[in-house]
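Contents: one structure, followed by commentary.
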Amino acid sequence: MKKLSHIDSKGKAVMVDVSSKRITRRSAIAAATVTMRSDTLSLLLSGKVPKGDVLAAARIAGIMAAKKTSSIIPLCHPLDLTSVTVDFDIDEKKSEVHIRAESACSARTGVEMEAMTAAAVSALTIYDMCKAVDRDITISKIMLLEKKGGKSGRYIRKKS
Amino acid sequence: MKKLSHIDSKGKAVMVDVSSKRITRRSAIAAATVTMRSDTLSLLLSGKVPKGDVLAAARIAGIMAAKKTSSIIPLCHPLDLTSVTVDFDIDEKKSEVHIRAESACSARTGVEMEAMTAAAVSALTIYDMCKAVDRDITISKIMLLEKKGGKSGRYIRKKS
Amino acid sequence: MKKLSHIDSKGKAVMVDVSSKRITRRSAIAAATVTMRSDTLSLLLSGKVPKGDVLAAARIAGIMAAKKTSSIIPLCHPLDLTSVTVDFDIDEKKSEVHIRAESACSARTGVEMEAMTAAAVSALTIYDMCKAVDRDITISKIMLLEKKGGKSGRYIRKKS
Amino acid sequence: MKKLSHIDSKGKAVMVDVSSKRITRRSAIAAATVTMRSDTLSLLLSGKVPKGDVLAAARIAGIMAAKKTSSIIPLCHPLDLTSVTVDFDIDEKKSEVHIRAESACSARTGVEMEAMTAAAVSALTIYDMCKAVDRDITISKIMLLEKKGGKSGRYIRKKS
Amino acid sequence: MKKLSHIDSKGKAVMVDVSSKRITRRSAIAAATVTMRSDTLSLLLSGKVPKGDVLAAARIAGIMAAKKTSSIIPLCHPLDLTSVTVDFDIDEKKSEVHIRAESACSARTGVEMEAMTAAAVSALTIYDMCKAVDRDITISKIMLLEKKGGKSGRYIRKKS
Amino acid sequence: MKKLSHIDSKGKAVMVDVSSKRITRRSAIAAATVTMRSDTLSLLLSGKVPKGDVLAAARIAGIMAAKKTSSIIPLCHPLDLTSVTVDFDIDEKKSEVHIRAESACSARTGVEMEAMTAAAVSALTIYDMCKAVDRDITISKIMLLEKKGGKSGRYIRKKS
């Protein structure tokens, strides 16, 4: 029968014991979407506001957040990440920034939360940098796209 | 003319100077939605998995994240929060958990990012605690509902 | 001859070199006792104050503190914990909350400080949540009950 | 009627709103006792192990922990400490180190937890530095000795 | 007679009491110089390695470090920064990057350490990003250029 | 052809993937120099200001900073340090404190940044503790002296 992780048989929160799991290479890819007004996106992409520095700040924020995941998410295991990347794809038609965060490590437990946290924090950083002109910006579709490694093996998201 | 905060006239990232702003009481309310399968939500609400401990962990995670906002979001000003609350509302029909985070302080700058970060991290924590049974969980509608205080005064979100 | 760890031959503080130690599974159990007035304990256990949320907060605090141990204790080695649990046992007669924290990892050095820190921080959190009604609460008997693994092998506390 | 702080009327954890409280100078004094074998204390005090560096590390650890209190204790308000001191008093007869931590600030809320956390972390640091020779060391009597400022005014501990 | 701050009359480290100091606007400017081989600097400035992202990372690192100063420097008071900026000036002739960090706040104590830490961490980040091609890079001239506010008033460095 | 680490082929910042690198024992030695007025150094060395506590604070600061390196330097990999030491050498003639920081670990990537960060933060701490009497203190010669382990093998600095 299925059960939630991080909750023991008495219903108490635990950082579940992964000591007996094997160390394997693990990786994960997560996404997030930031939707804004088209004039906000124009401003983001215009010469006056160098795309470089806004998205560079969001990228660095995501990478640094991935490294702090276990101090942000209460029951998440600490692990030594071997790789984190954050990429942005601009959809001018929908006026959206698409974030894609990848993380990897060799560990006893997965790196999904590191990728999810990187995507979420990159999105929050874009919100922070644009909120003075557009408070209605919405962050959505924070989700896991793929994960590899570990006992449960590969997962690829099918649901859109 | 409108311009992005945190970016100076040469396009460089700065933690903008708020020294000359007045100290006023400021507050903000942000939301996030966590959508899962109905059997995952049932498990979350069932006797075996005490709703208390799962949501208690997510609440504590959100409150603690609000306090760390300025160390997570690169250009966000540090401030001494005077209040943070995180509430959950279960929509069993849509199989969703609705998160509402409120923050307040007396400061020279707003507390929107603290509320947004609390909502996002509470949502990530729910994801973490349920991902073993449902990797397809999606976090969406992270958005500012309301803010008060400061020069720009009150904002209430109209866009759904 | 016996000597203190973390102090070199010249008496200077060092984070001692454990590179040559073998990676083994290590675990530790620590305890702490929180003594309060009986009406404070009643309040803690009463319906109005759901025991769940007070102790849930203390448990999460202990688990998160265990993960931060090496940033709190100056000469403590960083390590990737594989498990942390915090349990509470109520002694209504003595009006005490007994805390028991367990930690485990596969590492070159022990996890005693992680268990000790988890127990101490859980106790401090209970103090924080009850201090408005009872400033006289006392924390005592923070001590190591057991440790396993490593060169020195198993230790079980005999002294009460 | 008395009620616990940090818990709202529905029993949920909150970082309680202190916005309407007045900013006053506040201070607190907390204590902790570390009991060890007499030969451990001798080693701590002997020429080979300079008392300076062991206790200096414990002092620095306590001061730094006081500054991190709001990130360690979940519902504790962040505040800008204006002073922290940690002192040690050796009781050779009882083979004990007595720790006394004082904290102060000008804030809307008290600094008891900062003093309590400083005392506890100084004690844990002494444990860490001596545990290789004496695992039976016990930390006790972590308690508030005095606090000043705020609406409730002065408190001096009477209970020993 | 002159005495060191942070050390009490008995020679012990303290976070000195600034409660009685007045809150004034304070600011500080610090500098650092990173000297590298000319081909390393060329690589840093070339099209293949966008100057934007390398220096953007160093800038963000400096700003974030300024906000963490009181958790990095043991006896430094926590304070709510109201402004931080980090600028770079390239001296191609000397093959140097000149870093200038400015910080400001309204507080009871100065912000010199925040500017110094921002400059030092920006320099370390440049080292980190270039060390694969040039391990001989040297960081020098980390120094305070100017400070304003507080009882001691304005300071402008004369010594080169 | 040589290229910068931490920057991908499109010029974006990444925490480069080290998953495929072999785990080897790695170590690094870094230096920093703090130059002050001779009367400041006298004060530092005099009986009134016990050298122990000033340098003890700087040493602890350096060791703790080494452990936080990956949260301070944006693209630096997290790793579990197995050793950190910080030593001071006083040059009374030149009125300088020479800092030497060593770090070691068993990891897929080097520990140069940990040694560099320890040296820099120890230097900043000395600045902080002496700045009340000597604002002109300068930190210089932060540099890597030696590193061992990994694919690139041993490096010994030749340039003075």
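For clarity, chains are labelled A, B, C, D, E and F in written order, and residue numbers in each chain start from 1.
The criterion applied here is as follows: a contact is a pair of C-beta atoms (placed from the backbone, for glycine too) under 8 Å apart; a residue touches a chain by one contact, two chains touch by 3 or more.
The structure presented is a predicted model; accordingly, all values stated were derived computationally and were not measured.
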Third chains touching both chain D and chain C: B, F
Number of steps on the shortest touching-chain route linking chain A and chain F: 1
Partner chains that chain B and chain F have in common: A, C, D, E
Interface residue identity across copies chain B, chain C - same or different by half: same
Remotest chain, chain E as reference, centres from CA atoms: C
Recurring contact interface, reference C-D, options B-C, A-F or A-B [over half identical by residue number]: A-B
Interface with more contacting C-beta pairs, comparing A-C to E-F: E-F
Chain centre separation (chain A, chain E; CA means) in Å: 31
Computed distance of Cα centres, chain E from chain C, in Å: 37
Of all residues in chain D, the ones touching two or more other chains: 12-13, 50, 52-53, 56-57, 60-61, 64, 68, 74-75, 80
Chain pairs in mutual contact under the definition given at the outset: A-B, A-C, A-E, A-F, B-C, B-D, B-E, C-D, C-F, D-E, D-F, E-F
Complex contact set, residues of chain A against chain C: 8, 12-19, 70-71, 74-75, 77-80, 107-108
Chain B partner contacts - residues on chain E that touch it in the complex: 25, 56, 59-60, 63-64, 66-68, 80-85, 87, 104-106
Touching residues (chain side chain B, partner chain A) in the complex: 2-7, 11-13, 39, 43-44, 48-50, 52-54, 56-57, 60-61, 65, 68, 72-76, 112-113, 116-117, 120-121, 123-125, 127-133, 135-144, 147, 155, 157, 159
Sites on chain A touched by chain E in the complex: 50, 52-53, 56-57, 60-61, 64
